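Presented below is the structure to which this report refers.
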Amino acid sequence: MIFDLAIQNAQMLLVLALAPLLTGFIRKVKARLLRRQGPPLLQPYRDLLRLLRKEAVLAENASWLFRVIPYLIFAATWVAASLVPTFAAGLMFNWSADLIAVIALLGSARFFLALAGMDAGTSFGGIGSSREMMIATLAEPATIMIVFTLALLAGSTQLSVVAGFMLSPAVGLRVSLGLALVALVMVAIAENARIPIDNPATHLELTMVHEAMLLEYSGRHLAVIELAASLKLLLYMSLIACVFIPWGQAQPGGGASAQMIGVAAYIAKLAAGGVLLALFETAVAKMRVFRVSDFLGAALMLGLLGTLLLFVSRSL
Amino acid sequence: MAPMIPASPAFALSCVGALLAIAVLAIPGGRLRDAAPVVYGACLATSLVALGGALICLLAGPPASNVVLPLGLPWVGAHFRIDALAAFFLAVVNLGAVAASLYGIGYGRHESEPQRVLPFFPAFLAGMNLVVLADDAFSFLLAWEFMSLASWALVMAHHREGDNARAGYVYIVMASFGTLALLLAFGLLAGPEGGYAFAAIRAHGASAPSAALVLGLVLLGAGSKAGLAPLHVWLPLAHPAAPSHVSALMSGVMTKVAVYGFIRIVFDLLGPQAWWWGLPVLAAGGGSAVLGVLYALMQNDLKRVLAYSTIENIGLIFVGLGLTIAFEANGFHAAAALALTAALFHVFNHALFKSILFFGAGAVLTATGERQMDRLGGLIHKMPLTSFLVLIACAAISALPPLNGFASEWLVFQAILLSPQLPQWGLKLLIPAVGALLALSAALAAACFVRVFGIVFLGRPRSQQARDAHEVDRWSISAMAMLAALCVIAGVLPGFMIDSIASVVDALTGARMPAQASLQWLSIVPVAESRSSYNGLLVFAFIAASASLAAYAIHRLASQAVRRAPAWDCGFPDPSPSTQYSAESFSQPIQRVFGSYVFKASERIDMPAPGDMRPARIKVELRDLAWELIYAPIAQAVSFTAERLNRLQFLTIRVYLSLVFFALVTLLLALAVWP
Amino acid sequence: MGRLEFDVAHLLAGGLVLMSFMLLYQDRLFALLNVFALQAVVLALSVSWQAYVQGAPHLYVTAAIALVFKAIVIPVALHRIIVRLGIHREVENVVGVGPTMLAGMGLVALSMVVMLRVTADAYPLAREDLAFALSVVLLGLLMMVTRNNAVSQIVGFMSLENGLILAATGAKGMPLVVEISVAFSVLIAFIVIGTLLFRIRERFDTVDADALDRFRGGQR
């Protein structure tokens, strides 16, 4: 019991500590791919600390909601991130929310972020909120179809059980899983405001989505939201790793050595994911906002196709 | 007469009688000053008592007795009974009534013509109670029609304003059509012997073809009342036209009475279901969910947005009912119990948050006199309490954890995930598609309510009225606060809700979900722990703890200095509030994505040549396809026939006589030829 | 039959359906040709896997034909035609991508329902192959219906034919003669349509099939 609780807490702190590192790592790899030196790996931590120490400047019209929302977003994202098994399966509180609830928690964070964008009553904030919600309306059904595929296969929406199923020999080679993986990657790219949907490095562009909602934030509020954004990226990577490459995860009841192996495997997976994301982002160009619907429509289609094909293979 | 214990139909009937008495007294009293608080107060007290009775019935088990009053058809009498299903819906109806009456005490003061509202409000409450209590077809239909007429009178309370007269006209036509469909359905159910009591219908059962016909008629009758697409056209016209607390009752409660009618007939009276009945119900539910919320996103009138979003929620409920039919027909009783629990849970939830939202819209209307979202804004500064309570409702209806909307939607998804065990291919393939539709509608609902809250309560005021707004009275606030507290409780402790619905579900499907209250940490487990579980309490606690921990740590260890400054807005701040995003501009990306297929949207941009000083304009046209493709042709056909028949008025006596004569001869001929 | 054999066959046949969807998604002609070539490669893999599983060496010939002609010769030839004719490089859709995709999903669902019901007691591998094959055929037809451009219509036709080959190899014991004739018929169709393209180009200066309608005097 105590050991379980310790592991759960270790996971919460681990994701919190690793999230800025992952962001910094991706920036570094991208810079190196472009033959630039790039900022140091620890730069995101320094940015966060600097922002935390500054005073917060609020727009004249900003309400109390504007000041509360950063903490709400951070809390929802952090809770979601600590419910996804990262280095160990079967955490103590894993059962308190399944995959659907984790996705809905991220939906809560998005809901409040979009509200924050509209609070100051500026035109850019409105642009960001409206586009973010448009993207979400397409990404969410796609995610649910992926959940269906996984749940039909594993007979569960509990992430630990799904990961356990993926480790078992029963899983076999399935085209549906491939489709679900591709669709999940597409959704993750859209949800985390990465290229080609949105550019995380831009700050003054008519096409920005995520950054447009944050324009009025400063100081500690901005720091908390940036941390939540890093956490969300980490969460999606952990989710993909947990579902599609669960090897190396410590199983419940595993001793300290199993946990250490789990942590090492987890960090290796994150690094691999970071390199792949950086490669992808360097290789493609950003698309027009109204092409996003085609991109996410394709993700939805892949999810649906995955579910349909699963019926064929299951009914035989 | 049964003894007057609080859990008996006689007790509920006496509450109805009290409501009717209030209605009668309000006819002469309505013109008096200060009549409104008295009437609403009396309604509040009566509804509270009735709510208590219903809750006792629901939790302690329904009473066995039923009441027969010597009313109505002489050889039938009027039967009334409370079983578990009726008790649940009585609780929902009276909870809504309590909230609306409480709200009305404050809101009713601003009524310009109270004599047009006060008598009908208690009558409407009595009508809804009676529908649920009725135990024979005759009193059911009578109560149904009474409810429709009372609500119609309330819709017409402000008949001189805007489109309200037309709304009332469309409403009365659709309501009559719905009652007609139900009348025919009951006729088929009663069979040639004419057993109109529900007990007789149950014993009698229906043959397969006539059962299918009854299902179709009930979908038309109850579906049109509930607002199922494409029978929804009256709803977004009529619901906003009534005073706001009545809108809340119509959207939050009366649609649920229609759902009750559907459940009563299809699950209770009709006998064993066939698997394919699930198909039309699921398709209608999924379609309504997406269409309703898409239309809601395109509206600019606050109350109309809420009315369209009701269609979405009704769609979700019908998806749950369709799943129940599909599982039940195949003998998967546990899965059917899960789906029905989800549907009923959502019935309860929607009654809560839709009432808050309509109350909030009423509060905004009182404070500013505006319903157009593009003339509002910034109300969070002037109406802090209202905006906080509306925010809770917006989050709940957008299915955000840990609130109640998410709990019921999560249960629906869990039921959908059980669908692969169904043997029929049609269902197997349709249900995941419906699941995708539900996910789409949930995401669209989130967008819709970000838009509602963001435009109305956040930002800067867009008109002088919005600038001069003030907080509403304490009665209105307390009505909203009561419901918001229930939203949070039902979301955090869904296990108790599921357990209290269990007896209803048990009576209809012969199974119940596993008891939830005894589970560790009060989490909910629909099927098995290895399959899925959700714990609203822990999620709530985790979020609250980590948010306050983060806030405390940062304020303590880092900075807590705050400075106010003009908005940054990327270096282009503009003092004019009209540069903010408006309701239409917010929904434009979504309209671009879905509009051309769903609304046949057309955009025309009028861009002046360089040097020309006139403003650029964008003109967007949206069309309601259901109206154009179904109703307009019907209306045309009716007026065409009417025009033809009109000629009959101007004939000579001789021609009239010959018409009668030929009709007589034709009838005789038919009789002669008849085998 | 072992677990692995079935899984790989399922993977390849499912990949074929996926490729059909990717064909529907493309909006550039060259990308369309590349995806078509990829589909032919997947088809070749699928056929050779069937050859291995069924122990029918003559199927390798079919796989080789698919690989050589469809994955290499025809795409290269079409590529050159497009360059020489200077056709618009974009695919002109009659219906948007989204609705086409949705219609495609509906068709896949339909073919699964039909095939799995009709072939209830057939050999499982054949059942699955037939269901996928019918989907590929229907998607090819859908592509021909929703595209204006003659080149993409040809590609649609050939992907339809890929579905037929999948069906043919899935059914055990189909003689080689038939396959060769099927492959050659496609080649002939290709030649015919190719020359037709030149003719259209000469006469009307466009390969938009709607133009043919206009010149015929037909009303759209």
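By letter and in written order, the chains are A, B and C; residue numbering begins at 1 in each of them.
The rule is short, and it goes like this: a residue touches a chain if its C-beta (ideal position, glycine included) is under 8 Å from a C-beta of that chain, and two chains touch if they have at least 3 such contacts.
The structure displayed is predicted, hence computed values, not measured ones.
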Comparison of A-C and B-C by number of C-beta pairs in contact, larger one: A-C
Chain closest to the middle [Cα centroid of all protein chains]: B
Farthest chain relative to chain B (centres taken as mean CA coordinates): C
Centroid distance [mean C-alpha coordinates] between chain C and chain A, Å: 37
Mean-CA-position distance for chain C and chain B (Å): 49
Numbers and ranges of chain B residues touching at least 2 other chains: 429, 433
Set of chain C residues in contact with two or more other chains: 98, 109, 112, 116
Chain A: positions in contact with at least two other chains: 293, 304, 308, 311
Chain C residues touching chain A - in the complex, by the definition given at the top: 3-4, 6-8, 10-11, 13-15, 17-18, 21, 25, 97-98, 101, 104-105, 108-109, 112, 116, 124, 127-128, 131-132
Residues of chain C touching chain B in the complex: 96, 98-99, 109, 112-113, 116-117
Residue ranges of chain B touching chain A (in the complex, touch as defined): 377-378, 380-381, 384, 391, 395, 398-401, 406, 410, 413-414, 416-417, 420, 428-429, 432-433, 435-440, 442-444, 446-447, 449-451, 453-455, 458-460, 521, 523, 529-535, 538-539, 542-544, 546-548, 550-551, 554, 558-574, 577, 579-581, 585-590, 592-593
Complex interface listing, chain B residues touching chain C: 425-426, 429, 433, 596-597
Contact set on chain A toward chain B in their complex: 52-61, 63-65, 71-72, 74-76, 78-79, 93, 95-98, 100-101, 104-105, 107-108, 110-111, 114-115, 117-127, 129-131, 133-134, 136-141, 143-145, 148, 151-152, 155-158, 161, 204, 215-216, 219-220, 224, 289-290, 293, 300, 303-304, 307-308, 311, 314
